[in-house]
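One structure follows; several queries about it will come next.
To keep things simple, chains are lettered A, B, C, D, E and F as they appear, and every chain counts its residues starting from 1.
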């Protein structure tokens, strides 16, 4: 069921479908209980927004390491809501914008959302929207203030709004008191069990069964013999390493070598 | 008497009624003596503004934790004044404004207020109006200076003005010497007794009587067996947890679990 | 003689009389030797400006705690000069001005003053004119530089100028070397004797003689039994507390209670 | 010879005579060897500029405490040069100018100076031209850079230029490396001998001979009996104190009292 | 094979060939295994971009000391890809640009690249594109944010993009979290063996065989007798020293002397 | 041979001759081996630029104390190159320019230089071009970035460029990593031997032989008897002191006294 999660999603009219699907370029591999839990938590907030009269606004933060799959999961949950209005606010569509242009684009998406009775807005990579730089540190305070207000501002009477935001910089959001604007938070972890890794390699079909078993065994041994090392790899990085190995004459060796370096030298 | 407090309020002509009522979306639940005290303190300052010749300007600050109900209470007191001019200055209506636009909007509301013989201005969420960010820290000094002057500037001879402001960042206001601009301050606390919690759950009608009793008992035991933990939950968060629980098949369990996490892991 | 001090003042033509009188909204209560000394010091500098050929410019700073009566006293001295040109520069008339607009307004008033043979300019609340914020700290350097020059710049040959400025932030003015621009400084203290307090309550007529005597005795006992506490209350705050008490059914109790909290909890 | 020094000066055509004379409002009192030395040092640099072919540009800094007489002395030396071009660059004529306007005004004066074969430019109160504020600290870097270059830039071939600058903030000029731009520096001290003080009081004629002798004796005794205290008073402050005393019924007492406070409480 | 590496490269149509060749002004001297490894690593990423469906975007960072040959090698790898679109983003073509103009130029190149099915963009000297200055430190946050997004933004569906970036300031890129945007990193070292140095001198033909042997022996002895010293010289600096020596009457002596100073006094 | 060095220079057409000669107002006195070495080092880089194909760009930094003669020497070397294009970039011709205007002027000069087959650009007083202020510190990052790129950017194929820059702030250039942009550096020292001093005084002809011998002897004795003191005086300052002494009746005494103060009180 390589592209299974994605297939379940039938996007509604008026939705920025192409952009959202671009975020899930390599599908959602269901490699373990974490992914199931995240998707079912997503379903719960969708239900709350639909049903509750007292909480017409629900805002949720997906946070976790770089490349862990936050954007792909937020996009997947958003599409699965089948709300009539689903929009993506992403730094990728605002390259080179001035602060004022960013604020105006963000406000516009929210104002459009307020018009639909049932809306979902995905706010991707908050630290990038904020122009965060750890030296200084620097950030756009005007974008920050815009988000601080919009994440708490309820839609007009009778309307409902779900906000799904992502970040790989939770600590910074805490320091900026942006965390207080969210009703709840969902953690997206890296791949940390060999069982999950195995199930992914099965799905990807890059290695034959024999190659896969050999690769995992060697890797497990390598990790075990380098005491502080432990398995922890973001899905995005894993996909890159598998593809890089695929170019090599000796793909298993290349994969094991790159992964061993990654896991032991960090 | 779920919506009782609100119902008592009959807004006067020329008043931004809709906006003020939006602030009290879930009514004012009278869950204990704190709420009574806050509302009667509000009544006192309304009287002073009306009657005293020597203090034609009275400014009051409502402060307390995030979600404690500051905005709902300030809006309720303002509406209960039945003054001919009652206006709300809120960050939510100034999303994306420049500093200059904010200052001009704020000044305009005060200038309008000066024209009415008896006015009330609610200045919501001062830290947000100031674009406060704890990293830096950063804030709009021009908005700050505008507020520092407006909070102390008396209306023209023969006119009266009541200012009700809210903040969840009292310490910052002290550092900015903005505290000195207020004549008095009212503290809005979180819910901290099981009696208050019980009376709220009764009002909300989400749980049956049996469920409610069971939930409270379990929660009380959980708190007691986690020594440093104690009951302290803002009304806004409580409403969210109750609604979230309502989506779950086993709503009592979900409610007790979420509340226990909230109270013991913080 | 509640409004006595004010009545003595007959404002000259071309003077911003209304604004200056607004500053002395509740008159000048002559509650003790401090007030007499300040008013006679004011008379001396008025004489020096009028008579001396070698010091055609005299600049004086009135400084003291928030609410001590600085603005009311500066306005009273200015009006008592009966100079043909008397103007008030106040942050209240420059709400929302840009730095450039402030500088231009300030310069204009001084340039007008230079045209009159005998002028008095009241520069109220310097820290506010400077947009001072203690976090940062931040301030308008261009307004500061304007004041630094104008406070020392003599009027054209044959003309005379008296500058009366006020501040509750003397330390900051010292750090900014603005203190060096003044020829002399007058300290405006809080009310610190029960005799002064008594004479004020007599004048205000809010309490009957019996109530007043009772209130003062109770207050004196409360202060004495709380060792570090001592009587020190700015006139502006005292007026607010008296008015607040006047709204209460039991006004003496309310007054004593509020004052006791003020004096012992700080 | 109260106005003697000034009278010796015959300003040349094309010179801003009025402004320069305003700087010497109370003349130059020749109260001791320091004043003689400063004036003769001034004569020497005037000669060098006139005569030397190898140093067509000479720049001199007059520095000393606030009110010591720096501006009056610089203006006097400049006027005594009798150069065909003598101009004053003063913060007082640039109140409210933007940085750009200041730079442009300063450049213009120098460019005009380059056109005359023999020029003298007085640059008064450098710290004020720089908009120096010790909090921050803040200053106009563009004005600083302009001065750093202009103070070292020689006039066109065959032309000569003398620059006389003043400051009460020598240390800051050292930190800003502006000191390196000057060829030499002249120190302007406060009045520090009773003989100098006496000769000034004689000239001013405010006190009778008996009053003067009495005042000085009392003052000397007061200083002697307050060990760390010593005589040190800027001429400008002394003039203010004498004028203030002159308003008093008992002028000697007032003078002695004010001077004693000044000298012993600092 | 002095210009051998370069000759192997046949640039495709629509490619900024002249600029790229300017970067390899003195060819690629194959002086050891490091150079071979770098060029073959370059070949691997070219293949991955061409072949993989799951990683349509690959971004690689070439880092190493100033003058080590990073730009020449990145340009060589880019040209060897023979992709239909190859462009150079270099600070040299943006001298005097404003931040906005830089961002717009950078975005334009990437947008053009997205239009070609197979593209390669060389981003030269990131620290310079960022206007990095270690005092402050200062940098252009808007250029940084542009790069942070562009280095991770995949081209449109079906298109492929290879990004080759260079820097001599890896540590700064780590602090700015820009490192996380790259899929992999290639280290470009200085010349550190006498064998490599010898092979370069052979190629350059500046010295006769006898001169070369003599020069290397003397240099080796000098390094050995100055204990902490060791051979480490960037190719660009070596080329400068050889050319400088060539001007001298006694070129071997000059070369040995300059190199000895370089290696022992640092 | 007072103006000897200068006379040897015959400026080529299209060269800003007047400006360059203004930099050598008092000629180049050949007072010792240091001056010879600097001029011959200058000749070497001129040759390298002319002859080498591999290094079409050579950039050299002249650094040393304030007044040591850096600008005069750089101008002299530039003029001696007799290149068809020789231009001076100097802060003196950019007084009051905005950052943008400075950058544009600097770029223009370099762009003109690129058009000539053989060019020399003198970049005078880098710290001043950068608007460097040690308080802050502050500097123009855009001018810095422009220089960082231009000092390393080779001219178009077949063209040659020599850059001669000067600074009295080498340490700052190191911190700003601007030092790495230069191929080599030449140190310009102060006058530090009595032999050099003697040869200069001979050339200047201000003193008779007897006066000179007497002056030097007295000075040498003064230095010797003030242990930490030693001879070290920049040529520019020496010229000023000699001229100043020339105005005095007793010129030898004045010279010895000023020099002794300079050398012993620092």
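In this text, a residue touches a chain if its C-beta (ideal position, glycine included) is under 8 Å from a C-beta of that chain, and two chains touch if they have at least 3 such contacts.
What you see is a predicted model; the values in this text were computed from it and never measured.
**Student:** Show me the overlap between the contact partners of chain B and those of chain E.
**Tutor:** Touching chain B as well as chain E, we find A.
**Student:** State the chain with the largest centre-to-centre distance from chain E, centres being mean CA positions.
**Tutor:** C
**Student:** Taking shared residue numbers divided by all residue numbers at the interface, is the value for chain B and chain C over half (same) or under half (different)?
**Tutor:** different
**Student:** Where the centres are mean C-alpha positions, what is the separation of chain D from chain E, in Å?
**Tutor:** 60
**Student:** Can you give the whole-Å distance between the Cα centres of chain A and chain D?
**Tutor:** Here chain A and chain D have centroids separated by 69 Å.
**Student:** For chain A, which residues are shared contacts with two or more other chains?
**Tutor:** Chain A, residues with two or more chain partners: not present.
**Student:** Take each protein chain as a node, join two nodes whenever their chains touch, and name the resulting shape: line, ring, star, complete or other.
**Tutor:** ring
**Student:** What sequence of chains forms the ring when you start at chain E and head for chain F?
**Tutor:** E, F, D, C, B, A
**Student:** Going by the contact rule at the top, pick out the chain C residues touching chain D in the complex.
**Tutor:** Its residues touching chain D are 44, 47-48, 51-52, 54-55, 100, 103-104, 106-107, 110, 137, 139, 141-142, 144-146, 148-150, 153-154, 157, 172, 175-177, 180, 183-184.
**Student:** So in the complex, which bits of chain D are touching chain C?
**Tutor:** 22, 25-26, 66, 91-92, 95-96, 98, 128, 131, 133-136, 138, 239-240, 242-244, 246-248
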